[in-house]
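Please find the structures below.
Look for subunit A in each of the two complexes below; its partner is subunit B in the first and subunit C in the second.
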Partner chain A sequence: MAGATYTPIASTTIGTAITTVSFSSISGTFTDLVLVYSTKSQGGYDYQNSSITFNGDTGTNYSYTQLYGDGSSAASNRQSSQNNILVGVDIGTTQAGKFSVNILNIMNYSNTTTYKTLMTRKNATPSLVSTAVGLWRSTAAITSMTISRDDSNGFSVGSTFALYGIAAA
Partner chain B sequence: MILPGVIASVGGVASSYESIATTTLTTSTASVTFSSIPATFTHLQVRAISRYNGSGTNEGGALITFNADSATSYNYHLLYGTGSATGAQGNANTSYMWSPDTPFGGVTASVFGAGIIDILDYANTNKYKTIRALTGYDANGSGLIALASGAWRNTNAVNSITFTPPSSASFVQYSSFALYGVKA
Partner chain C sequence: MATTFTLIKTYTLATATASFDFTSIPSTFTDLCLKLSTRSDYTQIYDPIGLQINGDTTSTYYTRRLYGNGATATSDAPSNPSTVAAIGLSVGASSTASTFGNLEVYFPNAFGSTQKSFSCDAASENNATTAYATFTANLWTGTAAISSLKILSANGTANFVTYSSASLYGILKA
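For the complex of A and B:
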């Protein structure tokens, strides 16, 4: 038995609005990564998306399939050969005081034999609940990740990002 | 503590979440079993990546059984999205539960499905056992995302877990299953 795991790696709380947050120099000592982020966008809407890229790769090497409900109906869609994966949502200023909850699991991130699969749960109460599976078509170990707002509005002050590592026995 | 299921999710006190055992396949294998699971935790979580052999270009959930019980003592439900449609199904009196969703060998090479499966109160001898899972795969043009739940209508403590591919498939090399325990 390998013992206790689920280890905090790094975290940040936004003090000045910015449009990207990066985690770099991620060691390969864990099996899975979990990113938990709770965010608000400075945009004047209910919510918009945020995305992720790995290792600075901005090529069309990403894809995802998602399932979501908006309070009245459910739907599923897919985007292929994208420049990123829409892994989260950020609640806008029309929903005062509310922050989103996004929980992202990046599976077997440091192996160098498989493409990388992630699963995310993203929630923007009261407008959206969603889950998605995403693919980065690379066998490289993930050593960095960048989470970006999907428009020009920044992550608001108080948005939080926390990265954890889980090590298998 | 870390909340199961969402489990997968919320970071917590590191000492409440422990690695128990891991199986990473070095060759194609017909099934994966965790046995002699200690009853010292409150919940279990399995985190897996998996792929089947064969030529199919679709996917299928692995069959989960507990304590080698192959009777029709299980049931499971799914809510899923295919990328173009949503669906739900319920299956009663089955001989297995369903997860992780896994692509067959005809799907784009190097694509593996993923699953996070929470087994709640697994050692409690007064309850039937309930699981829930987040699972899916994406292959840049095909894929599936699913929320699954299941029940084993048995009050025994869970002391072994077996994952078996559907039909006559096997899990391929690099498929990996990791078992964790969560303490209250």
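For the complex of A and C:
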């Protein structure tokens, strides 16, 4: 059996629909973080975005570049000086019984020297497949994160969020 | 400190084999992660890898794929639905000798009672004119807990060659 890595830090299963989920008091004892969330939105559409902010910072300190496809065409876009990073997708009620899969890798999150980068994989079958990279222009160690729905519809009951810590050798 | 990402089973082929079969997967975890290093005898530079869950060979698998080949980026829907989930393009027999493709599949909430969505990333780099990087979003509309997985060449006739490997890990969230 492997040593103590990919350590579960915290998890949440949505019992009452809400529009934000936060993890706080994140220890700096790891080198990287992995966030896995599988979600459904209460909105009446195939899917919509969800976003992340760190340490309560809602300033225009975020940027990202996306590559995505819908099963017929591929495209890419990017945004600078944003209030958050679009890191996930949430399947709406049009797709009954289906949940999205979003997997974030947040690298070197606890250092206090460099800006923080992440990679994410976003899946909303049968509507969208996407991958993206993001940047938070802050040298602060990440101690908290908030995942927010990108509209007023909440994360549906049964949506799950799990945060893991990765320790380098 | 808790430990997760626990190895459930690993296979390394000593002879060419048509599929990797993981059975009796314990439900003591929350998520599953499958890692593949494969090359097949399919006579192309790539080989489409397929996956079936719990022995289900009916048209219950959906895929949205995004891939690049070194020249263009494309999106398509190879399983819409299909009898097998298309989880990525790996290395075929026409690729540079001794190269193997990498493929990772992540199943969150693998033992829940909802339809199973899973995420796949694959690469088939081979130091030649064409290689593939694929990202797929997959769905199995079955609602049973995952108890078995079959990985096979989706073209239906090829074998995975010697030294191909497959490892299945269990993940337990907090």
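Following the convention adopted for this analysis, the second predicted complex is superposed on the first by the 166 of 169 C-alpha atoms of A that agree within 3 Å, B and C clash if a C-alpha of one lies under 4 Å from a C-alpha of the other, contacts with A are read in each partner's own complex, and residues count from 1 in each chain.
Definition applied: contacts are C-beta pairs under 8 Å (C-beta built on N, C-alpha and C of every residue); 3 or more make two chains touch, one makes a residue touch a chain.
Small disclaimer: the values here were computed from a predicted structure and weren't measured.
Visitor: Looking at the superposed three-chain arrangement on subunit A, would you call subunit B and subunit C a clash or a fit?
Guide: Because the two structures are overlaid on the shared chain, the partners are seen to clash.
Visitor: So, A:38: does it touch subunit B (first), subunit C (second), both, or neither?
Guide: second
Visitor: A:168 in the overlay: touching subunit B, subunit C, both, or neither? Say first, second, both or neither.
Guide: After superposition on chain A, A:168 lies in contact with subunit B alone.
Visitor: Touch test for A:115: subunit B only (first), subunit C only (second), both, or neither?
Guide: In the superposition, A:115 contacts subunit B only.
Visitor: I'd like to know which partner A:157 touches here: subunit B for first, subunit C for second, both or neither.
Guide: A:157: touches no partner chain.
Visitor: Mind working out whether A:98 is in touch with subunit B, subunit C, both or neither, as first, second, both or neither?
Guide: Only subunit C; A:98 stays clear of subunit B.
Visitor: After the superposition on A, what does A:72 contact: first (subunit B), second (subunit C), both or neither?
Guide: So A:72 only meets subunit C here.
Visitor: Tell me the contact category for A:10 with respect to subunit B and subunit C: first, second, both or neither.
Guide: Only subunit C; A:10 stays clear of subunit B.
Visitor: Have a look at where A:133 lands relative to subunit B and subunit C in the superposition and call it first, second, both or neither.
Guide: Once the two structures are laid over each other on A, A:133 reaches subunit B alone.
Visitor: Counting clashing C-alpha atoms after the superposition, which of 6-14, 60-68, 96-104 or 168-176 on subunit B is the one that bumps into subunit C?
Guide: Clashes with subunit C appear only in stretch 6-14.
Visitor: Hey, what residues of subunit A end up touching subunit B and subunit C alike?
Guide: Residues 1-8, 36, 67-68, 74, 76, 103, 121, 131, 162, 164, which sit in both footprints.
Visitor: Residue numbers of subunit A touching subunit C in their complex, please.
Guide: Residue positions touching the partner: 1-11, 36-38, 67-74, 76, 97-101, 103, 121-131, 158, 160, 162-164.
Visitor: Under the touch definition given earlier, write down the residues of subunit C that touch subunit A in their complex.
Guide: For subunit C paired with subunit A, touching residues are 1-7, 30-31, 62-66, 73-77, 80, 106, 108-109, 114-115, 117-119, 121, 135-139, 141, 143, 171-174.
Visitor: Hey, which residues of subunit A end up touching subunit B in the complex?
Guide: 1-8, 31-32, 34, 36, 63-68, 74-78, 80-81, 103, 105, 107-108, 111, 113-115, 117-119, 121, 131-135, 137, 139, 162, 164, 166-169
Visitor: Show which residues of subunit B lie in contact with subunit A when the two form their complex.
Guide: Touching subunit A: residues 2, 6, 8-12, 14-22, 47, 49, 79-86, 110-114, 116, 134-141, 143-147, 174, 176, 178-180 of subunit B.
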